Amino acid sequence: MPKKYETPLLDELEKGPFPSFVTEIKKAAARSDMAADELGQLEKSYRDKRGYWKHGGIVGVRGYGSGVIGRYSSLPDEFPNVANFHTVRINSISGFFYTSKFLNEMCDIWDKYGSGLTNLHGSTGDLVLLGTNTENLEPIFAEFSSRGWDLGGSGSALRTPSCCVGPARCEWANIDTLDITYSITQEWQDEMHRPAFPYKFKFKTAGCAVDCIASIARADCSIIGTWKGNIAVDQAEVANYAKKGMNIQEEIVNMCPSKCMSYDGKELKINDADCIRCMHCIAKMTKALKPTGEKGATILIGSKAPFVIGATLSWVIVPFIKMEPPYDEFKDLIRKMWEFWDEYGKNRERIGELIIRKGMREFLEFIGVEPQPQQIKEPRRDPFFFWTEADLQK
Amino acid sequence: MALPQRKTDIGPPHYKDFLPPVIQKNYGNWKYHEIINPGVMVHVSNSGDKIWSVRVASPRLLSTDTIRDMSAIAEKYCGGYIRFTTRNNVEFLVSDEKNLEPLQKELKDKKYMVGGIGNMISNIVHTQGWIHCHSAASDASGIVKVLMDEFADYFTTKTLPNKVRMAVACCVNMCGAVHCSDIAVVAIHRKVPTIDHDKVKNMCEVPSTIGACPTGAISPEPSKKSVKINADKCMYCGNCFTVCPPIEIHDPEYDGVAIVVGGKVGNLRSNPKFSKLAIPFIKNNPPRWPEVTAAVRKILDAYVADAKKHERVGEWIERIGWEKFFKVTGLPFTFQHIDDFVIARETFRTAATFKW
Amino acid sequence: MPTVDFQGKQIEVDEDGYLVNLDDWTKDLGEQMAKGDGLDLTEAHWEVINFLRDYYAKYQIAPMIKILVKEIAKVMGPEKGNTKYLYELFPDGPAKQACRYAGLPKPTGCV
Amino acid sequence: MPKKYETPLLDELEKGPFPSFVTEIKKAAARSDMAADELGQLEKSYRDKRGYWKHGGIVGVRGYGSGVIGRYSSLPDEFPNVANFHTVRINSISGFFYTSKFLNEMCDIWDKYGSGLTNLHGSTGDLVLLGTNTENLEPIFAEFSSRGWDLGGSGSALRTPSCCVGPARCEWANIDTLDITYSITQEWQDEMHRPAFPYKFKFKTAGCAVDCIASIARADCSIIGTWKGNIAVDQAEVANYAKKGMNIQEEIVNMCPSKCMSYDGKELKINDADCIRCMHCIAKMTKALKPTGEKGATILIGSKAPFVIGATLSWVIVPFIKMEPPYDEFKDLIRKMWEFWDEYGKNRERIGELIIRKGMREFLEFIGVEPQPQQIKEPRRDPFFFWTEADLQK
Amino acid sequence: MALPQRKTDIGPPHYKDFLPPVIQKNYGNWKYHEIINPGVMVHVSNSGDKIWSVRVASPRLLSTDTIRDMSAIAEKYCGGYIRFTTRNNVEFLVSDEKNLEPLQKELKDKKYMVGGIGNMISNIVHTQGWIHCHSAASDASGIVKVLMDEFADYFTTKTLPNKVRMAVACCVNMCGAVHCSDIAVVAIHRKVPTIDHDKVKNMCEVPSTIGACPTGAISPEPSKKSVKINADKCMYCGNCFTVCPPIEIHDPEYDGVAIVVGGKVGNLRSNPKFSKLAIPFIKNNPPRWPEVTAAVRKILDAYVADAKKHERVGEWIERIGWEKFFKVTGLPFTFQHIDDFVIARETFRTAATFKW
Amino acid sequence: MPTVDFQGKQIEVDEDGYLVNLDDWTKDLGEQMAKGDGLDLTEAHWEVINFLRDYYAKYQIAPMIKILVKEIAKVMGPEKGNTKYLYELFPDGPAKQACRYAGLPKPTGCV
């Protein structure tokens, strides 16, 4: 029987309509010593208004440098069952699809070797097994890998790529987000499991500019589906939207950022040459509007959290690239980017920070991409700029 | 019992094996979707096939008990097929229309919170907090819980001008999308870290520690084989603490959260935007952080009252102007709001135009 | 603090087995740590460990893996200049094992 | 007879409809040795595609450290009459108004002591006497100052303030630009004539946000007139504009940046609370629209040319201040700013650069101005910020 | 001849003494103005009084001869009252309507170029160039002359969607408003400066020289008591040359001009804007820089063809997008266009939206 | 290059009379330069000149005027800590005269 802690503060968080994480921990704590001590320590944190975990430890499974986040309690005597309490990152499925069969198996293993607590999912997209002891790591890995599952990334390595639901259940996907994610994950297993980069590297793939995976905000490489072609308009459906009460002028035409639409009460017209493919009109009138023509992706690089130079959003490197299996052109491009990073990156320097430090020119020349106005919002303002010897001879 | 044979570098299983048959058949061939109610939407394929998704809220931190329960429900109504969204909600994937009602009923009976589809407040992206991270200046799960309780009706029934994406991060590492959320909470410190000099030389790489400081506040202290911090330059970010264990930054008395607003990631209408500081600090007040929910309520109410249809929080604020945002919300404007970090000058008002 | 018994002395280490006082390090202690993991340190291992120690002495930081890999390629030949080879030598990884045997501080942050 | 140079290249610049500066130099060269050598040296520059002037010299008049720009030819043997060829900056009149009487006198003095060439005006706003020898400086100063004229600024000093025509001939002036300029020029004669600042300091005053003096782009302190009150609409005049062919919806309502106007074909309505006083509607419909209520100025600080950190535009420090003689509140504010600059400014650091380096807070606290959202376009994005001990106790 | 008694610190005369009586009377009491033609406008006071302004172009560099001639004209028609504009045009201030026609006639007869009022190209703000400045990488007056010749009809007769403000600066010190002009020309160098080391120690403050470099390319060269330049970091701005005479940067072979576009200073409609790089380099080709006039013509024509009424150049470009600007003008997009200076990251396209 | 005759030697100066070789400077040369401008250097003048020389020796730059003024205030009393006083001492200005007599490089740029 696991120890039972008094948790008057946490109990307050079992009230209210939203499902309670405290209830979840309590469920596991009923069976697991680890979960019980987690609960106890958390109550103490709530009382003292501070965490009681120490700096990350270095633990893992044989042959891998990543996939496990080491964690030690700073109160091991008080909470011995979380004295060491590491998380295991299981590489999730593209699009976060599961079957009950797998989930039940996963629960069996985790109840046996871990706290019974999970995160579905971690922010990066891993299936996070939340808390186990050092000695259980190898068994857990054996159980999962023998069933065809592998660990995700951590450390200065490729992180578990993730994507939006895309073509599996969305009419707007311009690219096969699930397949791309699967393919790059498989391609770069070594880069994921054996940290050899200057710092972490994340891929996120969205089927369109709606970006339901927030790729532009939190991926070193954001792959965003797009198209080259017109938006086909089904005028009958337009009329339907109007009939159902949509104010097409206000809600659609006036909100188009490139002001390339017009509506005379009957016909909705789009000047496609000026459309910037923001997805607003399509999203709000999905039955009436549909992109046509060539499909592919825009590749953006560099988003990340605030350290050290402030948060960044990814920015355009390649405005358009075809994304068809086996994605060789894309993969070669990424390899060149990594080469650049490998060559010039400092310890704990994300690729985006490096490009900002070195300048776009060095990066683009290295990876062999032409300068294009699509890469920038606006040209430079100050007349300070470089000329290579070759430029001067032109 | 002998362990099974481990394998390495096999990667995750192929996604195809986890897709319901109707999805396999209509993969990439969807025509449109309709939102039936905040908890149910249907996607219709060019072939006429349909798949219904029923969404329920999840605290993300799930016990195996709950997962087993969800599995059981999925088996009963969905052929065992279930997915999670990028914001950690659960979606039951229904291929057979006749299962739709019974599924919804069972979910309701079991007190699952159904909703989140459309112009709603969906789940709050968040991080580990006191549950598992050494770096946390507050708890994430607790704040998420109280916010979602406060705004539950915006998940289940009441719609908004557009989606409102919230996030909570337990430190400025911001392991979520706080920096691009409509409304987000980020935990911060406010005191200069202390250094256990004796340990630095054994546990800490001095050059990395110096390099970690965004403001260059750290310099070597050769006499102690350690480092020192220029208190005037330190803005308590904690990055030195991250790279150097003998540095301590937690201070329960002064730790708490800031609230940022107006970010987004989608490209619709306006470009992706960073969140900006709305409230520099609210003290940690567990277990239910009432000042945080009240503050978010104030911002949300102002948005709901004033935004046009389809306008996101950031788009609304940019239309009315930040000076008016502070006016209509009644939030005080302080020195902390004025940027003094790397691109500060780009945030200064280089124009004679503004509202009173 | 946990300790390890080394030649009769109690040496302080942290939870992951890294030295608490880097000055406690000796070659033999490195050997003993490796033995504990079931590893016999060969010349190839020592090539790595010595490089780590030299680098640390010079720069006060552990080298990035890419630097280590380049060094190995230089010394041991290009076919060994990759992480695979490093993991053959140190199956738990260079951070977990080589740095520890070398008596460097525990690598942080990058998780 | 001044020397006559062959100027085949410059002669090309006497062609075409626009008045030719070459013709001007030739006119002066017909009488002045200096102007003649200027012409000759310039022709050589045109041939060799490079200038032939040396770094600025240190020359001036007794008791002043500024007002004269020293200049030496790098070809003194070839062009001895411009071997030294300094410019004298005469402080111009507020609004650049002159009488023929003064202009003729000025020409007399300048023909006697200088090259006969002028700039009306220099970019800062001085009446620039272009080119004379060192020995003529004192006589020139005596001639001008005895007639009531003085030198303008140069060096690390207050520069000659300048302003738009304002209330003298413009219906939109919210403040008396001419009087303000005169008053600050008189107030700070010492600061102008005896350089004691870390670097130059420029005032420019515009009567309204149209900013016909480009103050926001090139003044350390930009004073821009504005109002607190409604825009009065004369609907009859609105109708007149419509009748004359103005598309009020397109040209006025749709172009209003704060979208606070509406027009139903008859009445033009303004939601004044949302107006940001950009001046567009007023400028395009001057007969119909007129600001009412309290008048004053917005004080912006910091614009300058690109060195060292890139060009800057001035930004708001004080959203609204009354500007009435003797302008004491304004002058005290400026004195505090100078104190701050004096205290912390580095050599050749403009006040704007200093504020960027030190942060707005230190500056605002020093000068005693509250933080206000009008000072910024948007709040900070990264959660990195300072707390004073006093802040923490709040 | 004895000199008159000098005075100091008296400042300029009072402006009142230079205002025509009708202005003195109606000072601050103007009601509206009307543009009669591109060379004439009238301001009407609340009292009903009027003042006419007749504007003529000026090369700014004026000989005393020309000034005397203008004075004479002013005396004849304007009671001697004349003013200069902030863009260096000359305005004859007419108080008596009957003088208006004869004045215009005389101006035309004397080949003064009348115009510049309204939506025109007014005079080009510019600087010293080879005429008087040591720093010049090109000549300003010459380029202004050829541009104004080229676009003379936009000064005298043809109107534009809005004012087009041009500027020319002879070096990156930019003693004009180049950085905020609709279309501007700025002279640049393209070669790393050379250093006369022997002179540095006598003529040059080493720390100031190091501090002057925007990119930190300069470091001490103690052996020579001089400085050295890291050629990889130098972007030829010439600031070291400005502060340290023994540094030389002129190189006629490689000097020339860049063209920047889209800036403005007024607050109307959109906030003041910086000019942005359109053409990184055109070689100096005196006396008439035909490539410069052709390039500006190309940009202006595209603006005239495509801009809406009242749109400034920068507003037009922002509406169509920079990618389309390069497309419609046919100007090549190069590495030089991509910012790599202090706020570079703010110029990167952090969105998936753009035109092809 | 122009020169000045100083104790029989030809000393190189630039157009504005600043030394071309700073090493040529002596106290007497400073005195002579001042005489040329009709000035007799008093102790008050030397206070300024010496400060300029010391400062330059230390920092390799001439002090900003504000620093000079503060120094004078410190040494000579607050009522003399202003530019007016400096211009009384050196009517052509500290840049044009004091720096020149002190044998500093010609101040540049700030025009």
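Chains here go by letter, A, B, C, D, E and F, matching the order in which they are written, and residues are numbered from 1 within each.
Operating definition for what follows: contacts are C-beta pairs under 8 Å (C-beta built on N, C-alpha and C of every residue); 3 or more make two chains touch, one makes a residue touch a chain.
Model, not experiment: these values are computed from the prediction.
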| item | value |
| --- | --- |
| Of A-C and B-D, whichever chain pair has more C-beta contact pairs | B-D |
| Euclidean distance of C-alpha centroids - subunit A vs subunit B, Å | 12 |
| Whole-Å gap between the CA centroids of subunit D and subunit F | 33 |
| Inter-chain centre distance, subunit B versus subunit F - centres from mean C-alpha coordinates, in Å | 65 |
| Sequence positions of subunit E contacting 2 or more other chains | 172, 174, 179, 208, 214, 237, 243, 245, 267, 272, 274, 341, 343, 345-346, 350-353 |
| Subunit D: positions in contact with at least two other chains | 54-56, 63-64, 190, 209, 211, 216, 257, 277-278, 306, 310-311, 313, 347-348, 381-384 |
| Residue numbers of subunit C (touch at least two other chains) | 61, 106, 108-109 |
| Contact graph of the chains (line, ring, star, complete, other) | other |
| Pairs of chains, among all present, that meet the touch criterion | A-B, A-C, A-D, A-E, B-C, B-D, B-E, D-E, D-F, E-F |
| Residues of subunit F that touch subunit E when the two form their complex | 19-22, 59-62, 105-106, 108-109 |
| List of subunit A residues in touch with subunit E within their complex | 209, 211, 216, 224, 226, 228, 257-259, 273-278, 298, 300, 302-303, 312-316, 319-320, 356, 359-361, 364-365, 371-387, 391-392 |
| Of all residues in subunit F, those that touch subunit D in their complex | 14-16, 18, 61, 64-66, 69, 83-84, 86-87, 91-96, 100, 106-111 |
| Subunit B - residues contacting subunit A, complex | 3-15, 17-19, 23, 27-28, 30-33, 43, 51, 53, 57-68, 70-72, 74-75, 80-86, 88, 90, 93, 112-113, 125, 127, 129-136, 139, 141-142, 144-146, 148-149, 152, 155-156, 172-177, 179-180, 208, 211-214, 237, 239, 243, 245, 250, 252, 255, 263, 265-270, 272, 274, 284, 286-288, 308-310, 341-343 |
| Contact set on subunit B toward subunit E in their complex | 267, 271-272, 343, 345-346, 350-353 |
